[in-house]
Amino acid sequence: MENGKPVKVILPEIKNPVFIEGYPGVGLVGHIAANFLAKELGMKMIGYVESPFIPPMALILEGKPNPPLRFYGRDNLIVAVADIYVPPTLVNEIVKETVRYLKEMEAAKVISLGGIGIGFFKEKMDVWGVGAREELNRELEEMGVKVLQYGSIMGMSGKLLWEASRENLNAYVLLGETFGDRPDPRAAANVVEALKSLTGIEISTEPLLKEAEMIEEQLRRMHEQMEQARKKAEKQYESIYL
Amino acid sequence: MENGKPVKVILPEIKNPVFIEGYPGVGLVGHIAANFLAKELGMKMIGYVESPFIPPMALILEGKPNPPLRFYGRDNLIVAVADIYVPPTLVNEIVKETVRYLKEMEAAKVISLGGIGIGFFKEKMDVWGVGAREELNRELEEMGVKVLQYGSIMGMSGKLLWEASRENLNAYVLLGETFGDRPDPRAAANVVEALKSLTGIEISTEPLLKEAEMIEEQLRRMHEQMEQARKKAEKQYESIYL
Amino acid sequence: MENGKPVKVILPEIKNPVFIEGYPGVGLVGHIAANFLAKELGMKMIGYVESPFIPPMALILEGKPNPPLRFYGRDNLIVAVADIYVPPTLVNEIVKETVRYLKEMEAAKVISLGGIGIGFFKEKMDVWGVGAREELNRELEEMGVKVLQYGSIMGMSGKLLWEASRENLNAYVLLGETFGDRPDPRAAANVVEALKSLTGIEISTEPLLKEAEMIEEQLRRMHEQMEQARKKAEKQYESIYL
Amino acid sequence: MENGKPVKVILPEIKNPVFIEGYPGVGLVGHIAANFLAKELGMKMIGYVESPFIPPMALILEGKPNPPLRFYGRDNLIVAVADIYVPPTLVNEIVKETVRYLKEMEAAKVISLGGIGIGFFKEKMDVWGVGAREELNRELEEMGVKVLQYGSIMGMSGKLLWEASRENLNAYVLLGETFGDRPDPRAAANVVEALKSLTGIEISTEPLLKEAEMIEEQLRRMHEQMEQARKKAEKQYESIYL
Amino acid sequence: MENGKPVKVILPEIKNPVFIEGYPGVGLVGHIAANFLAKELGMKMIGYVESPFIPPMALILEGKPNPPLRFYGRDNLIVAVADIYVPPTLVNEIVKETVRYLKEMEAAKVISLGGIGIGFFKEKMDVWGVGAREELNRELEEMGVKVLQYGSIMGMSGKLLWEASRENLNAYVLLGETFGDRPDPRAAANVVEALKSLTGIEISTEPLLKEAEMIEEQLRRMHEQMEQARKKAEKQYESIYL
């Protein structure tokens, strides 16, 4: 910390980047979506966040060491992921340095991905969004994204939206509805679909939906077994007391 | 924090402003009053407080991102609101930077709005006030505001009063009497009425009073239902034991 | 904190001041004595301590805002009072800046007032004292103050005594014996009497003694009522069981 | 801390060093292995880590004082050991300064030793490893070390691997499988065997295996005694109730 | 803290000093021994440690104010005492500044006094020691001090030993065996005897031994009374139940 900066954002020069952020949050929606993008689009790690306040660790992926807060890139696309919870003060500094970079590179779009916990299930789980300016909201609306009128967006996504909007960048947040108490690849798929409309990225969300079905199937079976066990117990109870 | 300042107050040049502060406190009186002013007077967000110690977040209002500590403006009127609890050390720094600005702009008036918890209800809930100098107290008295002779005013309001008074600014605190354990739009209305006398601002407090009536009506119904439930339970009890 | 100083002591130039400190401590003896002096001698607030680590607040006294750590002055007399508990690190910095000022002004005398908890009552509650040098102790002794030979003096009073003695100032601590679990205006009166001998200040401690009598009368009545209640309960108990 | 560096790494110039780190972790595997190397190879203390945040203490070894975080050396071999738990922020700074040194000295190899808790025993406890680059992984594989494809490596070992790999140093982590709840000299022996293949160091792990047998024999006896006690208790129980 | 140093060691120029440290620790052995030396040798306070992190206080000794961390001196002898527990980070800084001074003054000897808790009593309680170099250990051995081969010395004594040994000063630690749960003047006497051999200081430890006998006599009486009370209770118990 010789120069007093608690955070350094290490990224190569990429002109007019489309920047996508998916730090961990409700239902791990952003985290799942961002990692899915990085993997499916065959993106390479191109940068990372450096700070003495990030816990010392290496993440081993495909037999190679990685820092916990890193950036993947391909062409002008940058995806930011994190494998740890990032404390508030550090978020503020990361956003500050990231927006400085994005402004300098004249970013085309800055998009945060996340979840919004609703605590129940419904036929069609929506995607909510909000942009830095009225016209960006209209853009979202036209894509079928519900525009968030009132509410608060905590953490990386909220701070990035506000700071990027201050610099007149085209900043958006996309939040997939999710139950909220478990990792939700289906919500991540919904968010990725919205992202496709917004950016023109071409990618199939099939793998995410399959993963979702697998998780759902597991939960269904667990539930059935519990139900059968309950019924059996009830019968035994009856045969004893009646 | 390259330059060592933990807080920056971002505000445009406004000559001889009337500055009104309504940070959250007892009964949310100041918070309700300040937001009411900003909305009813059609004020625009014109500035904000920037600090790495403010939690990362964006507040979405009418589909647009906002920082949690911000300023609304119209003509020479500035209203300061906060959507989060602000810790003491941060309050000290915000006041310092705010007063520096107000002094430079030669502020006409600096007015803090808040509540004073009294723990009971009475026919007419009063508004207490105190100014930086004897003559300001007389001004308050003439407007029907009770002048606080002894007591302590904690937080933003107290610190702003003291620091502004040090700079010979016309600083006032207006505190509406409130029960203290619930948000109180009626106390906010009382405070706004006093503010109108003090500043000449024209605004109807009808909407606040209606909101107060709604809250009071809800509490009344809740109370009735509880009372009926109690009576019913009593009767059942009697029919069993007597 | 642009210049790195956590504390500023704001005081006008006063040549050869007699500086009296009465921060809160055991039995609030110093606090009561110092505030009594300021009020009875009609002293004006002439300075204060400024620090981002002091809680944000204003103290309203006679309808005017005051900072919680402040100085009262009249002629060459300065009285330091505090309305809050001051944490140790802040005490160290305040003493440092205060002694710097006192040295520059060539202070005539530096006197800390406080209490010493003894946990019992006796006919004549003594005043203990200690000075920076042997000759100051003799001075105290001649005035009827008992000289403290061994012990530790914590907080503002101890630190001020030591730092002032390092600078060869005429520093004293006066500690009034007090029970220790309640505010004690009588101990404050005893301390003020010693202070009068030491400084030549003319003031009657009658009001403090009256206040003490009122408190004592209240305690006596409370005690009597409790005693009567106890006796009555005993009688009822006897009539039931005997 | 006049110059703002929280950590200093004090080491003599050693060209193309082989650097081996064994700070305390799961099963104390790295700690045991590193201290064993230092002792068996007759290495001398050649350096240490200096920081105001390391607890004040001296470790007495063979009648001589040592600092808790120190380096042993012989020829171009450097072994880093620690006798205390090192907090995360300090780890980050130590790694930073260490890698700066290793880069300047053009280190031949940077090898972290540690354990990986598996919670059970098996005939052959494996050694897992991962290198900074694909070719280093192949090198490990050829030596019979299983290459870790996915996982996270916390603390000194993980951070050192990542930071050294950033500087294109030949960095490796070797992790011996261990039960995880006790010091494990056998796992340390396994790790040392892998290290021998990787570095050409000649050393017999017999002493470690003997130590392991002693610990295992002790545990076996403890277990037998507990078993006998259990059986005896069972018999008594039966004789009473049957 | 304008100049960034958290600690200042204030000491006059003393060429080739013999520096003796006795900060509080196990059995208060070092503390008792160091204060005994200062008093019996009629040493004067010649310096102190200054830091904003030391609690604000004055220690009154023989009617004079003293700082809690101070140095006594006579001829080339310096004794360091502390009346408070000193936190680890502060210890580190004090040692750093002290060793800087000792190096500059070309200290003849640097000796830490302390206790080593053994949890039992034996006929002859030994004194353990360790020096910065092999030859100093031999010196200790010849004096009848047992040389510590393995172990850790925490706090001021350990850190001072290590840092002084780094600067090639003749540093020693002397640790008197003590039970460990009570102040132990007898262990202090043993340590002072070893110190006499090491430094040629002439002083009788009779007063310490007398103090020890007094404490031991008190404990013996307490024990006897408890024993009698126990026996009496036993008898009453028997007379009731048998």
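In this document, chain identifiers A, B, C, D and E correspond to the written order of the chains, with residue numbering beginning at 1 in each.
As a working rule, a residue touches a chain if its C-beta (ideal position, glycine included) is under 8 Å from a C-beta of that chain, and two chains touch if they have at least 3 such contacts.
Given the structure is predicted, the values throughout are model-derived calculations rather than measurements.
Asks: Shared touching chains for chain C and chain D?
Replies: Touches both chain C and chain D: E.
Asks: Shared interface numbers for chain B and chain C above half of all numbers used, same, or below, different?
Replies: different
Asks: Just how far, in Å, is the C-alpha centre of chain B from the one of chain A?
Replies: Spacing between the chain centres: roughly 37 Å.
Asks: For chain B and chain D, what's the span in angstrom between their mean Cα positions?
Replies: Distance between chain centres, rounded to whole Å: 59 Å.
Asks: Could you list the positions in chain E whose residues touch two or more of the other chains?
Replies: Residues of chain E touching two or more partner chains: there are none.
Asks: Could you give me the chain order round the ring, chain B to chain C and onward?
Replies: Listed around the ring from chain B, going to chain C first: B, C, E, D, A.
Asks: Would you mind writing out the residues of chain A in touch with chain B in their complex?
Replies: 4-6, 88-89, 91-93, 95-96, 130, 132-134, 137, 147-159, 161-162, 165, 171, 173
Asks: In the complex, go through chain B and note every residue touching chain A.
Replies: Residues in contact with chain A: 1-2, 52-67, 83.
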